[in-house]
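The following pair of complexes shares a single chain, chain A, combined with chain B in the former and chain C in the latter.
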Partner chain A sequence: MSAATPLLTVRGLVTTFPAPGRGKRTVHAVNGVDFEVRRGETLALVGESGSGKSTTGRSILRLVEPAEGQVMFDGIDLRAMSADQLRAFRRRAQFVFQDPFSALNPRLTVRSMLDEVLRVHGLGGDAAGRQRRIEDLLERVGMDPSVAARYPHEFSGGQRQRLGIARALAVEPELLVLDEPVSALDVSIQAQIVNLLTRLQQDEGLTYLFIAHDLALVEHLSDRVAVMYLGRIVETGPTRGIFARPLHPYTRALLAAVPGRRPVDSEGRDLERVRAEGEIPSPIDLPPGCVFHSRCPHPHRDDACTRQLPASTARPDGGFFDCVKVSSGGGMQG
Partner chain B sequence: MSEAALTRTSRSPLWWLPGGALLRVGRWHLGVPVLTTWVFAVLLVVVRARRIPDVWFAGVDGKLAVLTLGLTVGGLLVWAWSDPSGRRSLLDRRWHPAARSFQRNHMAVVGAWIVFAAYLLAVLAPLLAPYGPNVQGDLLQVRLLAPSGSHPLGTDHLARDVLSRLLYGARVSLSIGFIAVAISASLGTVVGAVAGYFGGWVDSVLMRTVDVVISFPRLILLITIIAVFEPSIFLIVAVLGLTQWPGTARLVRGEVLSLREREFIQAAEALGFARARILARHLIPNALVPVIVAATLGIGNTIVLEAGLSFLGLGVQPPTPSWGTMVADGRNYLLTGEWWLSTFPGLAIVLVVVAFNLMGDGLRDALDPRMRKG
Partner chain C sequence: MTRYLLRRLLGAIPLVLGVATVVFFVIQLAPGDPANLVLSPGMDEAVIEQTRENLGLNDPLPVQYVKWLGSLAQGDLGYSLNQRRPVAAVIGDALPNTLLLSALALGIAFLVGIGVGVVQAVRPYSVPDSVLSVVALFFYSMPSFWLALMLILVFSYLARNVWELPIWFPSSGIRSSDFDLMSPGEQLVDRVRHMVLPVTALWLVLAAGVARYTRGSLLEVVGQDYVRTARAKGLPERTVILKHALRNALIPVVTLLGLYLPVLFSGTVFIETIFAWPGMGKTIFDAIGARDYPVVMASSLIFAGMVVVGNLIADLLYALVDPRIRYE
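Up next is the complex of A and B:
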């Protein structure tokens, strides 16, 4: 496998849940998502609550079963994996959860928790070997090995998040799916965890799929960004390009909502703040057309937006966006 | 308790003495009872050495009592062994706030001590009882004697010592309650956890079974089964144990349904743990608090139920003493003035059941963080 091949390729991923209540309606939490993550890079999935970014992350690790689409991890189709292959995959891709208070089993000490992971996966050899490995893991996440005898309730949120990261690292994975890993923490602690994640990536060549809604953090941490809205990726590209020249109206609205950020148009001229009014619509019984049409602040939106899904247009920096009203140069169409 | 303190004193001159380490660090309220209990036990064994074989060879009730003791001690050992850090202090640190809260509830502490004392007396009955449970005195001379120095609680209509029968009866009554509830709590926990975790048709089948079992009138079922088969202690334990589990199953299922959504369960799935492991190590241990409370209250109920069955003649068969049969035997003499026959076993039932209820209420308050004060 050459280094140029993406570690993870997602094509047409659809994940549905049965809608609550009577009837056979379904919630399309993820509705046809394509992206790839290259080795050693960080791809950020951003979007509002309810945009399906967490479900995308969970579908990739098969914590929820996707309904359609293809997920290729290092050339292996995840949805067609045998039990043995799935087990091997569990050692190569891990998940870091958002809520550090519910992510650790309260009945297990740190040592029992990590030891169980090592034993189940046959790592670290005998008891002494596993003990060394546990100490090493704790040191890698910046914790003193003496905490191994403690229970989760004896730790602060930031420390627990470090332990959650240590648990994910115990199997020496290549890919980490970080589901809003710092959004439940105090701002001062956030920086520590972000620095830890950055350092781990540099030292160990980890690949991150970073799910977040904090755009300042995304700008700091990620190489590329994919903006999700209502189960679809509406724009993707290199972080610098997306932040400098957002093309899709939703990306612009999202960036304009960041406090202290000067909104600019695609030519870099100052703009009035673009705002997406209202709430994200229900992902049950999606209407046809562009997913964003009900809230789009674009001045020229019309019937073309509601008739069919817009095709992807390439961005000059290698990304793409889904809007029929914007040209890749940034100007307006139609 | 402070680990440093324990490690330091474990090499002090008092280390070999039970509770010595505790006394050394000034924890008198714990160390003194431990030491007293230990001295008392040694004295008992020395003074009553000839009776020790009876503990093991005292028939069915003796074996039940030994089983009870074995289950308790074995359970503790397994628990302490399962987690290396659990060895250091018997009480796992996660329970400390709960233990403090329990200790503040004085009624619950009294209840716990009564329960503990009752089980201790029951297990040690062969060493403590002045006579054998079925030893008859001279029927003409010692029949229906009022409480006195040689028979502290009097004698019954067959010239047997009431105190001795009360102590031996405790073994039957208390172990039936304990074992029946152990069966129902284990069965209920497994059924409830499997139903809650797997969901779908497994859940439907199991929970409809629960509905069916729960809708049987329990007492009538018990009477029918015992009437059809020969009444024996094993039958009673089995029937009591196998009819009480649905309540626990519902409790555990509810707990598991909410735990299943917690992120540490998803983490275990992402790590590729087998479902049996997730159930046994991650779900069930976290769903046990309501089970412990329900089981404590359930033992009290089961003791009452067993006494009721024995009173009706459907429980433990004579001459094996049980509190229920003793109350039944004595009821004919209540009106003729021999009040001690029914009164003492009746009081024993009330005392133990009240103690179990106090302890259960205390446990519920202590283990539920929302009920915890301070």
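Up next is the complex of A and C:
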């Protein structure tokens, strides 16, 4: 594979859950998502709670089974994999969970947790070799190797997140899906974990799919951004471009909600704050048309928005956005 | 750890004594005169009076109580008025039978209950899950004595006399009358056949509770990220469920052990009486009927002691399965 081919390509990904309660209704948690992640870069997946970010991340690694779509990892179709192939694939891509308190099995010591991964994948050789590898892993995430005999409850949130990262790194993966890895932590600890992740990426050439809703963090750490709303990606592009010139009304509303940011329009003129009112609608009975139309603050919103899904429009910087009311230059369309 | 054990056991003494004290005074409220037991009917009033005097029944209650405490402190449980032998001998015969019955019932209840709970939780809201839920609820809401009678009706009476099946189970006692004439192999089979119905009447009710609890606990644990973590590690699904999920789900299930012991022991009172099983339950039941005070007192003490020890074992198991718990 050439370096230009993305490490991960996702096309038309759909993941549904049966809706709670009686009847045959479904939750469309992810509803037709396309994106790619290139080798060595960080793609941030942002959006408010319930937009389907975690489900997207889990579907990619088949921690939940997608209903439709294609997930290509380094040219391999993940959805066509058998259970055995999938287990072998787990060496190449790993997941770091948001809640460091629920992500570690309370009955396993750090050593047995790490040793289990190494044994399953036949890594590290004999017991002594695995022991050395465990010590090395702990050092790489900035922990003392002597903690190996302890249980998860003996650690703080930040330490647990380091252990979760060590566990993910144990198989020497190429891709890490980081599901809000710092949002459960204190701000001071967040910085430490972010620095650790940045260092690991530089040293080891890791590729990150970074799920987040802290936009300041995303701006600092990601190369590209994909903005998700109600199971769809509504805008994507290079981080700098998206933050400088958000085009989709939802992206603009998101950015305007960041404290300390001065909302500007695409020409850099000051803008009154755009706000998306109300709650994200239920993904059970999806309205037709643009997913955002029920909350869109765009002044020219009309029937066109509710009739059909907007097609993607190219951004000048190579990204895309899905809105029929905005032109790629940033102006309004009637 | 040793200190913790000692503290718990010492702490249990007042509790057990308290139970015995309450039993001592409550039983005096019941009508009936133990002296009548010792003597044949129609005895001379003077003889009865003399017997009461000899048994110490004429002393004021507090005096009787202190005397009883005094002999208990010396390890003397007293003398059974009804069976005319030391209470220690009565208990010595009955206790092993009850322990056998309870241990079997408890063991089977947890094995079956956990198994059923896992089957249900692996595919929640499926047809097998719903069917098992209904069955479990049925047994959960059954009083064990009613269940015992139904078991006797079906597996003892109907199976043997009406349907004339080759397999049926005896409804009373712990062995057949011709037990001594049997070969060792036949003796074993005979003992087991006598155990089937009483043990079943006890474990079915308990297993239903264990299954409901295991299902709920496992469903909760399966939603935890560390179970997803286990899958993400690339472990086979069996390992994920049995090693990572179930072991954590069983932590709260262990506490059921402590809760179920009193249920189990009070269950044995009915079950042993119905099945004429010569254990502690039947002993205390008969002794209450006969106003055999020394046996009632000693049996209550033993039951209270068993509950205390059982709870202690449950707490120790809890610490064993959950690394977050340490006793000092």
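Just so we're on the same page, the second predicted complex is superposed on the first by the 333 of 334 C-alpha atoms of A that agree within 3 Å, B and C clash if a C-alpha of one lies under 4 Å from a C-alpha of the other, contacts with A are read in each partner's own complex, and residues count from 1 in each chain.
The rule is short, and it goes like this: a residue touches a chain if its C-beta (ideal position, glycine included) is under 8 Å from a C-beta of that chain, and two chains touch if they have at least 3 such contacts.
This one's a predicted model, so the numbers in the text were calculated from it and none came from an experiment.
Three-chain overlay on chain A, with chain B and chain C in a clash. Of the two partner chains, neither chain B nor chain C is touched by A:V14. In the superposed model, A:A149 lies in contact with chain B only, and not with chain C. After overlaying the two complexes on the shared chain, residue contacts for A:P106 are found with chain B and with chain C alike.
By the touch criterion defined above, A:M72 reaches neither chain B nor chain C. Within the superposed arrangement, the part of chain B that overlaps chain C, taken from 2-10, 74-82 or 92-100, is 92-100.
Shared interface residues of chain A (contacting chain B in one complex, chain C in the other): 58, 61, 63, 86-87, 90-91, 94-95, 97-99, 102-107, 109, 116-117, 120-121, 151, 153, 164, 167-168, 171.
Touching chain A in their complex are the following residues of chain B: 83-85, 88, 92-94, 262-264, 266-274, 277, 281-282, 285-286. Every residue of chain A that touches chain C in the complex is listed here, in rising order: 58, 61, 63, 83, 86-91, 94-95, 97-99, 102-107, 109, 116-117, 120-121, 151, 153, 164, 167-168, 171. Residue ranges on chain A touching chain B, taken from their complex, read 58, 61, 63, 86-87, 90-91, 94-95, 97-99, 102-109, 111-112, 116-117, 120-121, 149-151, 153-154, 164, 167-168, 171.
On chain C, the positions that touch chain A within their shared complex are 224-226, 228-237, 244, 247-248, 321-324.
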